[in-house]
Amino acid sequence: MTGLDLLTFGEALVSLRAAGPLAAGGALTMHLAGAEANVAIGLARLGHRTAWAGRVSEDELGGYVLRELRAEGVGVDHVTRDPERPAGLMFLERRTADLTRVRYHRAGSAGSALSVEDLRPALAAGAHVLHLTGITPALSDSAREATRWAAETASRSGALVCLDVNHRARLWTRDAARAVLTPLAGYASVVVASEDELELVGEPGADEPAVVAALLDRGVETVLVTLGADGARAYTRDGVREAAALPVTAVDTVGAGDAFTAGYLSGHLDGLDLAGRLRRAVTLGAFAVAGHGDWEALPRRDELSLLDDLQPGSTLR
Amino acid sequence: MTGLDLLTFGEALVSLRAAGPLAAGGALTMHLAGAEANVAIGLARLGHRTAWAGRVSEDELGGYVLRELRAEGVGVDHVTRDPERPAGLMFLERRTADLTRVRYHRAGSAGSALSVEDLRPALAAGAHVLHLTGITPALSDSAREATRWAAETASRSGALVCLDVNHRARLWTRDAARAVLTPLAGYASVVVASEDELELVGEPGADEPAVVAALLDRGVETVLVTLGADGARAYTRDGVREAAALPVTAVDTVGAGDAFTAGYLSGHLDGLDLAGRLRRAVTLGAFAVAGHGDWEALPRRDELSLLDDLQPGSTLR
Amino acid sequence: MTGLDLLTFGEALVSLRAAGPLAAGGALTMHLAGAEANVAIGLARLGHRTAWAGRVSEDELGGYVLRELRAEGVGVDHVTRDPERPAGLMFLERRTADLTRVRYHRAGSAGSALSVEDLRPALAAGAHVLHLTGITPALSDSAREATRWAAETASRSGALVCLDVNHRARLWTRDAARAVLTPLAGYASVVVASEDELELVGEPGADEPAVVAALLDRGVETVLVTLGADGARAYTRDGVREAAALPVTAVDTVGAGDAFTAGYLSGHLDGLDLAGRLRRAVTLGAFAVAGHGDWEALPRRDELSLLDDLQPGSTLR
Amino acid sequence: MTGLDLLTFGEALVSLRAAGPLAAGGALTMHLAGAEANVAIGLARLGHRTAWAGRVSEDELGGYVLRELRAEGVGVDHVTRDPERPAGLMFLERRTADLTRVRYHRAGSAGSALSVEDLRPALAAGAHVLHLTGITPALSDSAREATRWAAETASRSGALVCLDVNHRARLWTRDAARAVLTPLAGYASVVVASEDELELVGEPGADEPAVVAALLDRGVETVLVTLGADGARAYTRDGVREAAALPVTAVDTVGAGDAFTAGYLSGHLDGLDLAGRLRRAVTLGAFAVAGHGDWEALPRRDELSLLDDLQPGSTLR
Amino acid sequence: MTGLDLLTFGEALVSLRAAGPLAAGGALTMHLAGAEANVAIGLARLGHRTAWAGRVSEDELGGYVLRELRAEGVGVDHVTRDPERPAGLMFLERRTADLTRVRYHRAGSAGSALSVEDLRPALAAGAHVLHLTGITPALSDSAREATRWAAETASRSGALVCLDVNHRARLWTRDAARAVLTPLAGYASVVVASEDELELVGEPGADEPAVVAALLDRGVETVLVTLGADGARAYTRDGVREAAALPVTAVDTVGAGDAFTAGYLSGHLDGLDLAGRLRRAVTLGAFAVAGHGDWEALPRRDELSLLDDLQPGSTLR
Amino acid sequence: MTGLDLLTFGEALVSLRAAGPLAAGGALTMHLAGAEANVAIGLARLGHRTAWAGRVSEDELGGYVLRELRAEGVGVDHVTRDPERPAGLMFLERRTADLTRVRYHRAGSAGSALSVEDLRPALAAGAHVLHLTGITPALSDSAREATRWAAETASRSGALVCLDVNHRARLWTRDAARAVLTPLAGYASVVVASEDELELVGEPGADEPAVVAALLDRGVETVLVTLGADGARAYTRDGVREAAALPVTAVDTVGAGDAFTAGYLSGHLDGLDLAGRLRRAVTLGAFAVAGHGDWEALPRRDELSLLDDLQPGSTLR
């Protein structure tokens, strides 16, 4: 086990955000996207040593992905460049004030061709935490096998494995997801899911207590149920603990779940107790929703208390 | 009567939206504006065959107007190009978060020179619905006569005539408007007005019940009173029916009334009952206020249910 | 044969132009691209009735493609919407002042799935000219067969068939291209190629006179060899005629060849002699290179003489 | 005493506003900033004759500062150009929806080198009101002495002296501020402070009644305590009067206090009673928070009633 | 005669510059335009005291015009605000790299309603130089009379009157222009014209020597013939003197003639001899064409030598 | 000596580029600037392992500097964060098409406080090449001593020391520069200077042969004299060799010299002979001037031949 705090892997996308309606043309801005990259960045901003692994196209868009990861201090030593396949893309449109719409162009992408071989060097180098999401196994057969292999390998080596369910309805059905994710959860110490997603790591139709009980039985130490503006619940063998969300003005909820997970894992790496880990989790979630972008608003360590006792319209000067 | 679902006419303006205070200079963006064009686009997006008639300048700004109408699938076969007069313009400035200010540059414009001759071919081709607004007769004597002639001609041919009062205080006084619009309403099957505008199609100072009763007496089938965030009331001989607005976050209320009318007429063309027509009307109104622009946020047919049961901050992916 | 002047088909792409280096992220602007669409727009701007056929994705990006074609007055009645496949994309980066770099994301796109069935209704409706390019047969087996079928069908029906070689090295090899394009040229009355491309519609390694002679022998009436800033050569049975390029300041050469072809075909439709057709061809080529965008700078009919005897820095007012 | 209504002085900064996170790079926009300039502009927009004095760099950024002041009709006849020192800058970042962060680059700036000599000609010309803030004495020793000298000189000449405490924690400590500002308040007829700042013009730890009583004892005529969204309190020898804030949607609170002060002083110059002065103060404050920028949204005289009885989403046309 | 160096008057327009093709919509930027305003700004940047008179709309666009004039230090004390008429507009489109196209929206504008009464106070205040152009008399009957009256009044008072022909083909015919401008030139000491315009201040069809001779006979002291990239010729009773243009890279020729005139008049005000006046004239012309905008690139006094001996690609640091 | 190829140090600035005239306000874009950083990036893009050392402010602007260096793959392990001093800034304005103007705000900046202690860890880690410029010793006494110390230390350890004269007239006089740089050149193996700068590493007034001879005598192995568009001359004990510049369209010459140096050092690290090193030097110089930005257009290794035999207006697709 080296000095790396967190290793994660998956597909990093180039997100193209439309300023207005996509069908009307106009300007797009480019952003790095990907749930796993969000988590890695969230931890790197807090000073943890993190790395991201995966396949990235060899063209300029792949170069952009690496440029952003490096810029944020996320290690990319074990990234594979794919000379054949293009970068995975997503188009993000604010359809109305309340509704964001995403369109993926990721079929056949470099990232979706992830395989065990791509992850072997990174896993060999090791890390205290391995973070994975339910998106990666939905990308391809080889990515599914790579995810399972990585979870098993890290689990055996004693790393803490964290699984965020992150269901993507445009990639696979709930049944297909459950069939893969429920066994995968068996390797995890921490499982993160929204209320709606929880059933995907349990029996079909099982309710929250039942799914949680089964996960704890199978060796999961902590089950985190995210509740959006209502905060989160954390289940352990010691019972359940709730954490309220911070009262901030939300402007962009994309990435909030990843921020929550990054905060929780940062608390774990800092040796905080459950209350402290949850506090950091909801703090990062609050930063994520209070600023624009998937990860751009996440805090540096010296900013962690910035949202405490904040009045709307405050100015620091 | 051909296969055209809706014909409308009036003045289509080039709207120049300021990013900041107009007096400070800076960037403007160009948009197509005009209450009648908004209605035509709203219906075209839902798959109805629509056409817009009017006079458009022969220069690049007139070309822009046609470009946008064609782009949205609105027929422009019977548009007259005016080689002499310039395009009508409006400057739109967000004066404060709550107040939008419009300045017109439309005196002497191509659109204001509309005459009976300009409309003759379009009326001859016919349509199931003729939509007109109280803006057009305020533009010039010839436009006033053209509006009256078109209403009479369509009414006689059996088309459903819809009149939206749309009072523009910078174009004429309430008394001048009433003197023209009250007789005009006699040709209409559907009359649309805000609470404040209703008195302009009735006796001076008459209250809502009195104006409605008089309109129904004169043969109007449906009187729609728009109530902004409070929805709308629809009066028929069978009584009154209310429809609540959809609970969305409003970011730009310009064009909401036109969207409402387009939704109502779409419901009519689809053969919906009054409740169904009102539901579609408030749905389109909700899209209009939940997105930026006068018509840019209006839904395609497959998007009609997108705002149902929506949580703020939702993401479709 | 209906009243349509020109029918063309192929893949219309969403072109994303980077303001700066693509790898650095930043702003992109969206444009309609596609050699065949460029030709259709060039003719529509001059008042010819044109239509474009092909497969377009059913999402917002496909909507954008149709929006732009309609805006430019190009008929889209026979376009097929593809509910499964995404829009074809291209990223365009000005690598240096002298070098533009294009990256395609079109594998598996809606447009590349073009088949004979997609073209049948459009061909049945007919047109005076059918324009096709050597790009379409490079997209897929079905697109290749559709191209051949359309060329044969139009040729038999008496339409003038125009083939622009348009070699795309990232889509196929020169040998693969030659094997398809040389037989395809047999259906054409007009063949357009750059000096470098000419060999792809003849014997491997054949020189210009030899390729031209063989084409004329096989029934091609006009062979147009484009020479960039040096203008063009036109070969017919009557010999060769040269046309110089117009002396304009070039700022963006993308789309110049398509503009040239559109000008030539416009001259043909207007009944001009060869000199007149070439003059219009180089005129449209000059507009294309003197303005930004693939087709955005093309002239309306009343602008055709705008570049004649122009001094740099002129102002029309 | 000349015809000038108000003279103010201090440091005018070039404010660079980031569109997104500052650390991510991207676009900045340039604005004039400075509490005293804000007040001068607020009064000039209402038609009062105002002037601003201070040191401004001789380069393009200094030219920008003067350009903006002149554009707003603020007199700059007595501004000193500094050929050696650079313009003072501030970077302004919207850290989250609720929190704005400012970073100053003003150490060693032209503005901070303000001295008595710079102010002598302006003071000699005179004005009905001299406005000064607690920012200027924090800039340098010479600026502190210049502020004191100007307050004393104006006070002696019979001008109304207005002091806005405007504490800047990044420039000096509360103790340092109190040591300078408490004696300075002795020259003032009007003192403006937030609840939190009030203690800086009194005894350490004194409560509001105590500080106010001491100020009134020392000859201050009016003490204005600003309460943000809760309006303001005005103390005179006749007692205390409260004014509620106008109910507007706040989008940018920077500059609200300066707008309040400008409104109050405008009311004074117009000869309004205390209620009228407070009404104008909260009106200008409302404009400031309802629009973007430090002063850009402030009203012209004919706009003063624009926010009265305003419904969200109103359109003036 | 007061201390004012130059008074000028005319119509100041709001120029809306399109970033791309106007018919495609998109972004516009706002600029102050007007030949006379350009001259006033050119002189003000060099430190001369200048004023501009004319009618300006009372809305935000008129406010913008005044804001820009004040920002540049041009006196606006004698500007009339017109509460009824809108601002004059122009749309400016870079049609190709070599061709700029302007469309005016100035019929019925505030500026075109200029009358003798509007100018009376400014003329009473006086100035060393009165500058007028051949645009103003083309705007309306009252503007024509105002121009004539001002020229006569200033001439009688001993001011130097400068007339720049500035023919605008979209406003009037050459014959109409000649009928007005030839008598007007009789009041002038300095007449500025391009080669093509010269005939408009002489007999129809007269050549350059004939027109110049007649003008000098009628009392004109200096006739300046501008030659674009070839510089200029200056005729006086002492003969003709040529001045070459400075060798700079031209990016925007709009405003070059106004810059030339401003430079000439600045030289006159500084007491330079003819060679010195011409040198300053071509220097300002060079700045105008070497930067974007009508007047934005004009030099401050300390920048006058910046273009001397300049290598392309130089950096000052 | 570790595996690091190149170490460099100095001040990295935040460059704010104005889109138009700086005095007119408007938009600025943020860029990383600094001659040494440019060289490090040039080498990193070609795959060499590089690091940059220096002092960087602890705020967001310092964060931006590190973000960009990391993004480009330049090592920042030995960078010192300065909690007190602000980031050094420069404003860059394209004054005319031919002239760029830079204004520094770097007095008292974090970067200018560089000292020996800041460099000690980086020098201890070692590198094959140490690159330094004549800018750093102009920043402060401690930076001058740090530069001298680093040059001496690296020279003793056997690293190749490269000195680029890079005279900045706004930072110090030529005499002051010569007094420092001439002794400094004694530690260097490679000295880079423009024709105009060469005299600053020799006797006052000495001509090129004399300065070169003296440098070679003192142990310098290669003297590179850059000639802008005329290429460069390289002097060694074996004589002089010339290299022509590549024939590209130049759009931005800032950073060309740094690119040249990076190319030369890359050739050295790759073991190329002098001709090969010069070829790479002029190739990188060509990329720098053919694209916008100081370093943004520099090539990746696979792009090195992209400009060979390029026709203007080429498209890669």
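Residue numbering begins at 1 within each chain, and the chains themselves are lettered A, B, C, D, E and F in the order written.
Note that a residue touches a chain if its C-beta (ideal position, glycine included) is under 8 Å from a C-beta of that chain, and two chains touch if they have at least 3 such contacts.
Keep in mind the model is a prediction, meaning the values are calculated, not measured.
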Chain pair among A-F, C-F or B-C whose interface repeats that of E-F, sharing over half of the contact pairs by residue number: C-F
D-F or A-F - the one linked by more C-beta pairs in contact: D-F
Euclidean distance of C-alpha centroids - subunit A vs subunit D, Å: 46
Interchain centroid distance [CA atoms averaged], subunit D/subunit E, Å: 40
Multi-chain contact sites of subunit D, meaning residues that touch two or more partners: 21, 24, 63, 67-68, 101, 250
Pairwise touch network: line, ring, star, complete, or other: other
Subunit E contact footprint on subunit F (complex, rising order): 20-21, 24, 90, 95-102, 104, 168-170, 228-229, 250, 252-254, 289
Residue ranges of subunit B in contact with subunit C within the complex: 63, 67-68, 70-73, 300
Touching residues on subunit B, where the partner in the complex is subunit A: 248-251, 287, 290-293, 296-297, 303, 306-307, 310-317
Footprint of subunit C on subunit A - complex, ascending: 16, 21-31, 59-61, 63-64, 67-68, 86, 89, 91, 93, 101, 103, 105, 107-108
